[in-house]
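Chain naming follows the written order as A, B, C and D, and within any one chain the residues start at number 1.
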């Protein structure tokens, strides 16, 4: 078995490919899933690979299936803007697999006359009230656009690990413009706030209209969960101090 | 060397393939071995792969051989029901190997006109008096049958790692119906009780007659072993507390 | 680059292949090196593989070369007995590499009309005054010979990891008789005593005349080194107990 | 995707290839980068490989690109001496990848009529005022030259891990002379001092004129950084001792 794409016939003109796969803080996956849900994009292709993890996944109806990446297509009813949205269960498990799958995605993008690729991911950082968005591109033309949208483009020397970095890096050799948008995230939990920050850049970049406040319930839920985890940590630490016969350091 | 199957000529009509390979709590392997022994199934094929572990195994006669997976065939003398039972020493050691071996197994199943595939494995859980059986299938038709047999089919989102999940997930692309049955197990020791729970579902599903009480001596042996391990753990913990000059916390 | 063998022309009739590669207690490598030195065997082939570790090795003359496995040939001046001795720097680094290299070795053995393969390795055990030798074979004919020489053949179920187990396990499919001899060793240090125990079996098995007492200086050297290590360990433990304010447990 | 080289047309006669890739103490990379900067060498080729890490790298202009190895070419205006300098972001991530990339580099060297290959790396050692330089070669002819330049050639048995060792080890099979120069380094930080020691040997070996004192500012910066790190370690250790209620051992 080789990496392969199964597609349903779908007419596209010049879509923008937006990729958000699992990764740091699930930023990419949350953003892509939001776009699919909000826009009502339709599934047009699925990518399978022997470099994906070796498991079956059970869907909500109890059906077991292979892990995969999916492409969804959406065309605006008003201005004809087109999106091809990539998301999925997983990323390939080895460097070789990452290269093979990224190239297969670019091949598909090429065959669909994709005019721009935007990958979305997380950028590891301390917590911040409003997460920043970092960007990089394989095309000088897009650099100025990113700066104009308030994106930090000073990430020189930083490796962007996984598909979010590899796809734009490989795109140039296929003659495709690509850029990568990374939202600041602490990263150990799903981070819809970081996804929202990136999506607001995507809106400006592509002239999309999205109701990003629909992400707010998820953001609140994660904030509550985080608060509970911290409270639990504090309690565990207290119990450990008492068990070892110590009071808190600051009053000893 | 590629993954390959060596078979002896054997006439089959429409057997059900039951796969139980090493894994969590050895549930699959115990179940498959029990079927082979109880039914007196005959070995009809062996699968070798360079993705299997790199060792020789010594059999009970001192003969060193490759690790392998074996297929055993059985036909009922009364109603003509047929089983092709898969078990073995090991699972492939990498994602790529898992995909390659699973596809080779499906190819063999296809060539033998297999009408249904049932894989058996363990489902990680706390200990419970009567282990539950979880199920997933690649076919809606079988879903209702599973529910009717008391199988829990609500395992949405859970990855079923290894051959037990990958074979059913890949089977659809070969046009083969498949389902996966997982017995609850703590998992760190061989668990014949979980295997028994799964086998009682298999009996109902396929209309097999099996004397599952033949597993009871093994179940008792494992229960005794577990009790001894717990007692030993308690003693070690006590000794460690005394060595560090502490009494049990609750009387200090 | 594929795994390949470079050989010099050498006339052989029906040699016995003896393989001793790095592994547990270096038992195989010490035994093979001893045979080459004692018998004055000549190098006839070298095996290179991209599955070997990725380094250059510097020989005693400062020349950097690839890691490799070597074959040495010896013919007895008295009775025409022939040995092809395999040893080397390393073993392949992955299951796939192990299978590929083992098959390449068997192909070479076949092309040289090898009549029997004997691999040598270590068997993990507690220290014992006289190490036992365990054996396994892919041929019932040789089983009785091993028993007659005092070799323990009851190693049922034990996986023999690496080339020492994989070569005999694969040999059957090439129509080659093979056996594996394992000397008991603690394993964390080179163990010439275990190698000597195995070589005394090899002498009986093949009717070789070897002066095994030439291994005694090495055995003494390792025994002294071991005694020093134990003494150092005792001193470290004592210092740690004193530092933590404890006396030895037995007088507290 | 396979490992590949993209080159710009460049006329060369018989250059010396100097390779310095990331590794212990970054000795090779620092040395190669220094040569490129000092001599004003021009980039003539880039090597890409699916065995390189799976990330995109952002350059100083915000452009994301693949990790790669680069070749730079320089011809002396005075005596016609030619260098082809290899450096890059990374080394391949697996033994197989190391072999594949090293062979691709040798193929390119061969096509450019390279007359000698010199790889540079680090040699793990305690800190020393003046780092020694160790050398190994695949050609006896060069051995005497190395000794004459004060290089230690007694590194028998030491494996030289990675491209610095593998390229010279593989070069013989391509009919190419190669040597490897290793500067002593503690290794956990970039070590321009070790690079300077190796470069002074390279100057003598190839008759190059280089102003190595241009490395001194870097050397001083690293020495200051090291001093600060040690001071910080001392403070942490002191704080930990006080927190655990112990004074320094020597006054208790």
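Everything below uses one rule, namely that a residue touches a chain if its C-beta (ideal position, glycine included) is under 8 Å from a C-beta of that chain, and two chains touch if they have at least 3 such contacts.
All figures in this text were calculated on a predicted structure; none of them were measured in a lab.
*Asks:* Applying the touch definition from the top, give me the chains sitting in contact with each of chain B and chain C.
*Replies:* The shared contacts of chain B and chain C amount to nothing, since no chain touches both.
*Asks:* Same or different, please, for the chain C to chain D contact, judged on whether over half of the interface numbers appear on both copies.
*Replies:* Since fewer than half of the residue numbers are used by both chains, the interface counts as different.
*Asks:* Distance-wise, how many Å sit between the C-alpha centres of chain B and chain D, to the nearest whole number?
*Replies:* Comparing mean C-alpha positions, chain D is 51 Å from chain B.
*Asks:* For chain A and chain D, let me know how many angstrom lie between their CA-based centres, rounded off.
*Replies:* Once rounded, the distance between the two centres reads 36 Å.
*Asks:* At which residue positions does chain A touch at least two other chains?
*Replies:* Those would be 94.
*Asks:* Write out all the pairs of touching chains, ordered by chain label.
*Replies:* Chain-chain contacts present: A-B, A-D, B-C, C-D.
*Asks:* Which residues, counting only chain A, touch chain D once they are in their complex?
*Replies:* Residues of chain A touching chain D: 92, 94-96, 98-100, 103, 135-140, 143, 146, 153-162, 164-170, 172, 178-180, 249.
*Asks:* In the complex formed with chain D, which residues of chain C make contact?
*Replies:* It is residues 1, 50-67, 93-94, 97, 243 of chain C that touch chain D.
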